[in-house]
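This report refers to the structure that appears directly beneath it.
We just call them A, B, C, D, E, F, G, H, I, J, K and L in the order they show up, numbering each chain from 1.
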């Protein structure tokens, strides 16, 4: 594994269902353009409210992916 | 949207089910007294343990709501 | 000054003009309902963008005010 | 304990005596208006100086209290 | 409750299902060796990605347990 | 708004005029290459000094923009 | 002192008297099982409230102790 | 630039006008006694309120200056 | 109060008695060389242990003092 | 230097040798695709262990580079 | 890798040589009692000074190791 | 050791060689004017890049030194 370099992207995934679903949606969208995704870290969990209910969940995550040489 | 003012309240929602449910319960309770709720942010996730199992989940959230003029 | 108690409220002031103006607007709105305001602290500076320009500036501030006895 | 909701207030207690006394004074003042106080957390310890001595100690604390249903 | 002492352990629970499940798995494993578990706090949520999907969720938690005298 | 994904870029805008101007300059430069810019957050305010005066203000901001599907 | 290794334990000491006493109680309990205790750092000060008064003070501390070779 | 050493001083500049002016005032005062000032970083923005208006803005900044050899 | 500048010094006061005493000792020592001391903020509370007891308490504080013009 | 804009990228460099080498490797890899690199900041130092020894060092750094106009 | 649980220990490694060496010494000492060490994270770098020179480097690290079932 | 007071200075040491060397250079420069240096803590590691290589390493450290009475 020595001398690999990774790049980190920060995205916000959203969902009307909950925390796990917002993370999965964000990763699914990112995986359409980023290859070699290796790990994620949750940075912030928030969301919008509408009429006293959660309209959407928004989870900010960092995504690490290996750079090709 | 210019010149609106928002106020931020901090609450702890709890549930015996999990993170999402504790957040939903806290917002439902707050929406009984606060109007114009606009967003939430998760600040802390914790809970009590009993006999090696999770007795309740407690999620601290900040709630933003628009002040009426 | 001994034994005074202060309460802290968190608000978000907004403006289409800039950081200082958003803070002033938030304090002006809060001063309509809170008396004995004593200090403020800036917690976050952010805003919305529209067509590549700043639509509104939003500054989260904490407000300290003395409780009357 | 399931499904209780708590609200969190932030106050600054002060005293000419020291840290513990400033916390106790703040809680005593808050308990005159807030019921069902459940816990506190210290956020900041500071104070004013006068002629090279401590004129008052100021301790910022968060107070959690159970919302009645 | 006076004069009890608690110790805090830090663990990482994992799961292929989601955040709540990773927390539950970590607590279940810890409860096999630690008695008198009293509370948990979530410190970090992350996970590994494989082929653009979440291979496992990893949640770092602190566990508080009462020391016996 | 459900299931949108946002990406976050970090930039440093600079100006010889002040904080607001440095933010505006950074956003103007970023909007030449990034579409669907939605919000910004200030992360750091600093600058260079020359002969005891501010030569330039530098403000680090995060920019959120919606990913097209 | 070169090449010594220290281990760090995290505990919560409690007391009905105040901050100093909670720290002393936690260290006294820990010193029954840990040898070569070398330093402590306060991480969090909190407590439980009952009928508007402090029922117990709880101080989270990290304890450093030298590992024997 | 190699092997230069810098020292960092922390000051609070104030102004009745706004954030930028408080920073400029603080730097102007510091530049009367510190030579070779090289950069500044904003650490905290706060101020005093009087009759619901901002009496003075106070900005805490760190100042880096090169040590002469 | 407008346009005053304050400088901030960081010191560590110590005592064999407790937190309040360590703070008072540090301020007393600093006041022998610094004039116009205006406020203090506690940054860290720690100490050395000897034979399972607290040998000395060490409290890191920041001291703000007004610069004379 | 006025009105330049910088972009910030986050990468993880790795090495089997140590902290400095992991930073150098990450910068060397990034410099193959990023021009006008201007500064770096270390955000995290970690690594993998194998059989009780360090298999690789991983250092997360932010890289600032000037945007061309 | 699913459903593994990891435990995290915090130690301080020291050396008279430098940062890398202090980390290696700490891990070598810990590996004598902990099995299945998997990763480390640096939390703090500090040291003691004597006669204006570094007497020892002290690096606080967290160590993750897999719990056996 | 009781009742000693320490002062803390913040400096930035630099080097073209690496992290350890930048720390040593900063301490060597500071020891020419500060007596009774007792400990250091690393606060930030960064540096300038030139042509894709590290031109200098800059390490911000806090230095604690005992005040003479």
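The rule is short, and it goes like this: a residue touches a chain if its C-beta (ideal position, glycine included) is under 8 Å from a C-beta of that chain, and two chains touch if they have at least 3 such contacts.
Note that this is a predicted model, so its numbers are computed, not measured.
Engineer: So if I look at the partners of subunit B and the partners of subunit I, which chains show up in both lists?
Structural biologist: D
Engineer: Taking each chain's centre as the mean position of its Cα atoms, how many Å separate subunit D from subunit F?
Structural biologist: Here the centre of subunit F sits 38 Å away from the centre of subunit D.
Engineer: Using mean CA coordinates as chain centres, what's the gap between subunit A and subunit B in Å?
Structural biologist: Distance between chain centres, rounded to whole Å: 22 Å.
Engineer: Which whole number of Å gives the spacing of the CA centres of subunit E and subunit H?
Structural biologist: Roughly 44 Å separates the two chain centres.
Engineer: If I count partner chains per residue in subunit J, which residues reach a count of at least 2?
Structural biologist: 10, 19-20, 48
Engineer: For this entry, which pairs of chains touch?
Structural biologist: In this structure, the chains touch in these pairs: A-B, A-E, A-F, A-J, B-C, B-D, B-E, C-D, C-F, C-H, D-G, D-I, E-G, E-K, F-H, F-J, G-I, G-K, H-I, H-L, I-L, J-K, J-L, K-L.
Engineer: In their shared complex, at which residues does subunit K touch subunit G?
Structural biologist: Per the touch definition, subunit K meets subunit G at residues 9-16, 25-26, 29-30, 48, 55-56, 58, 60.
Engineer: Would you tell me which residues of subunit F are touching subunit A in their complex?
Structural biologist: It is residues 1-8, 10, 62, 64, 67, 69 of subunit F that touch subunit A.
Engineer: Could you list, by residue number, the parts of subunit D that touch subunit G in their complex?
Structural biologist: Listed in rising order, the residues are 19-20, 23-24, 27-28, 31, 37-42, 63.
Engineer: In the complex, go through subunit A and note every residue touching subunit B.
Structural biologist: Counting only subunit A, the residues touching subunit B are 18-20, 44-49, 52-54.
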